[in-house]
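The two complexes that follow have subunit A in common; it is paired with subunit B in the first and with subunit C in the second.
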Partner chain A sequence: MLLAEPLERAIEELSKLPSIGKKTAQRLAIHLLKNDQTDVDSLIKAIVELKTKIHFCVDCFNLAVDDKCAICLSQKRDKTIICIVEEASDVIAIEKTNEYNGLYHVLGGVLNPLANVTADSLHIAELVKRVDSGEVTELIFALNPDSEGDTTSLYLIKIFKEYPLKLTRIARGLPIGGDLEFADIATIGRAFIGRITV
Partner chain B sequence: MLLAEPLERAIEELSKLPSIGKKTAQRLAIHLLKNDQTDVDSLIKAIVELKTKIHFCVDCFNLAVDDKCAICLSQKRDKTIICIVEEASDVIAIEKTNEYNGLYHVLGGVLNPLANVTADSLHIAELVKRVDSGEVTELIFALNPDSEGDTTSLYLIKIFKEYPLKLTRIARGLPIGGDLEFADIATIGRAFIGRITV
Partner chain C sequence: MVLKQVELSNFRLHRSTSLSFSDKLNLIIGGNGQGKTSILEAIYYLCTTKNLNLASEKDVVTFGEQFFEVAGSFSDISNNKTRIFFDNILNKKNFFLDDKQVFRSADIYGKFPIVILIQSDHAITLGAPSERRRFVDSVLSQASHSYLEILLEYNKTLRQRASLLSLLKETNDKNLYSQLDAWTETLIENGSEIIKQRVNFVNEFNVYMDQTYDKVIDKLEVPRIVYNTLCDMDEENTKQKFNDAIASAREEEKRKCTNLVGPHRDDFIFHINELELKRFGSQGQHKTFQVVLRFAQFFYIKDKLGKTPIFLMDDVFGELDFFRAEKISEYLSEVGQTFITTTDFTRMEELNLIKENRIIKVEHGKTSYA
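Here is the complex of A and B:
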């Protein structure tokens, strides 16, 4: 009764977004209400195009406009190295360092039994297939340095240690418990240079 | 080149929202990308309905589903008192206290020459008209306790001191320099009870 129903609904939908609480959602909703229709239209258009134009790369599950992402399509990348990351945003963070020239594999998360994320819900089978059929000689583990990331790395190492591969992990220059996506460029770059055999 | 163009666009549009920086916008965009289409659709629908179904009350410029808002339409409200606030979100905050039973007038901002907000861009003429034609006996100033709020209150007091009206300001129980929208209910309620004649 206090809030009109459409406002209530908008606040509810906005507060489902990550890092947006009830109060921020209310502020955003009222901002949108006061905003010009054209501004709101271009926000909506951007979100719609985000969903329709961007897909996940069929090979590595990075963001892609076509079937394959720009990195998989590039002739300049070293196709013998695959860097394993949790999310597509990690690819963006690593690319900004200019320290890495191989391919990627986006797992789409990390093992987390409490949140019902098992090996089957990650892109692990696809990674095994890539290694089986490809010219890969090195796998680099670049998961977040927290317990879920470490557990997932160990799970993958167990799978790939039978293969004739160099298995490496980026150096713990990253702050433990932190979030790769938000680390600074220099730290991520250093971690790539100082990677160690596992 | 690093980011696909639709993603770049979505991040740009999202970072235009208040309190959303570039990194948060990137996180939101990637969340939307990963999210189910139905969830994104219901977010978009909520925003569209927010803009189409909610208007501003023709009398007090509060949020309204019809021409007039629920408060102006109510038979239970005291129509001899008008409380002047900056934004519709302030009405929501005050209503939650249950300390006030009069009407409102939403200015749509405060005087701020640096941001090009002059008296003409606020709903001041409409307030004068309401006082002229109405049964109003008291105006309560409930603007944010900062310099712009105070300047705007003084500007309005100058206009209305010639009228046979009681002019009051809510008590400075509010933390100075703070934001009414985010004050706690008890503080706003106390400020209403302790209002002083100006």
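Here is the complex of A and C:
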């Protein structure tokens, strides 16, 4: 069966989204077609603003509306502790636990030579600069407990072991192979409280 | 644990086959190329999500069809249904446990333990070290989920590290050395754990080998497996020795862009009466050893998991002349649910068939009960 071209294009675009199959994309497209114009307009606006108004924080590479993210800007956060994570989604997962009150540093990935990711491709130089500037006394490693996450932690530990810093990593309460992003809030919370010195 | 029934759709010659099984012995009889082994292949899929002979899924789909599907139900303390669906167009395999999709094969492996005695087993005693590692890994992975997880991480680390070695050779970027050190540390960490678990495994498994030999063989033969790894089994110094060995292989590793040190190069040396099987064993001794490895695997996994594996024998019954048939048959009654394929009708009476047993005839993908 041949669909009207705009509909076909909408289905095509929607099905590019993660965990959206052809069938779901079709259902969504039809739903949008039936929807009020105002609802569709506000969805379009939200998507456009998502792309134009959200940036990466210049300090920690978390998501931000301004130059700096809400966490870096907050007066209530403890600026002497930095928690190192892989992606901005990990920040969201940790924030939900309410167990952590320091700052973050989003690496933008982990070492992965198979995918051509070496230290140069991650925000490591920026992290060194932040630590060099003085205030920091503790680094917490909260990378996923797999080969890539562990190796990235080991690499960073080598860099920072000469610094007068406390280096810790979150406890391994997390399921092996289970990403931080998907672990439940209570588990991440416990992992933070039980963090150990490396 | 027993497999109650299976349904095969578009699975090689089986367009639509539905079978229910005996909790004891299931004898699958048919000529060559009629679809006997496909039934075992389907059972293996249900237990492991993997192909029995490492064949491609595309080859399993009946010619001209768009998918294959196998569904089965297991009965244990609880009842479980598993189903595998392969989409030939998307080239995608989906696995379901009780109608919920499972995304990692590792989460299934060991849940429905299975042991299979197959003709290609000759490679375990006669072939390259990789064949013996594969045997040991398959036993340990079913018996210990933590071993399987570490093995997967270790293999990934090997690929990552080899890739970095290539990058190092290509670019000669000095900054990559400290990253290589970090990968080496992860390799040693995971690799040492694998060595430790293999040491324990060989110690325990030798006891199972001994007991099994005593039962199947009249002659006084003593089997022994010796683990050959990169260093002595002293747990304290494994990491140190691993580290030293990697340090001295560094230049060669860089030149060849490959991992030269670690448990991925281990071997397991089989002995009969202190003589190395591979060098001094007769054909009969090899065959015996292969069979005993599988029976020992069965009882090892059974004890470790507290769950009785399904036992499959593919077309090997005819070869077992040197065993007294009643011994094998005695053994099989101890084993639990068994599936045996054979073309050989003549030796059936030696199996002491009882009425709980089931005989399935297979002819060009069509099955019937005898």
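Here is the rule we go by: the second predicted complex is superposed on the first by the 197 of 198 C-alpha atoms of A that agree within 3 Å, B and C clash if a C-alpha of one lies under 4 Å from a C-alpha of the other, contacts with A are read in each partner's own complex, and residues count from 1 in each chain.
Here, a residue touches a chain if its C-beta (ideal position, glycine included) is under 8 Å from a C-beta of that chain, and two chains touch if they have at least 3 such contacts.
Keep in mind that what you see is a predicted model, and the values were worked out from it rather than measured.
Looking at the shared chain after the overlay, A:86 reaches neither subunit B nor subunit C. Comparing subunit B with subunit C, the partner in contact with more residues of subunit A is B. When the two complexes are overlaid on their common chain A, residue A:13 makes contact with subunit B while staying clear of subunit C. Applying the stated contact rule after C-alpha superposition, one finds that A:59 touches neither subunit B nor subunit C. For the contact definition in use here, the subunit B contact set and the subunit C contact set of subunit A share no residue.
The touching residues of subunit A, counted against subunit C in their complex, run 111-114, 118-120, 146-148, 150-152, 154-155, 158-159, 176-177.
Subunit C meets subunit A in the complex at residues 104, 106, 149, 153-154, 156-157, 159-161, 163-164, 167, 175-176, 178-179, 181-183, 185-186, 189-190.
For subunit B in complex with subunit A, the touching residues are 1-7, 9-10, 12-14, 16-20, 23-24, 26-34, 37, 39-40, 42-44, 46-51, 53-54, 63-65, 70, 87-89, 92, 95-96, 108, 181-182.
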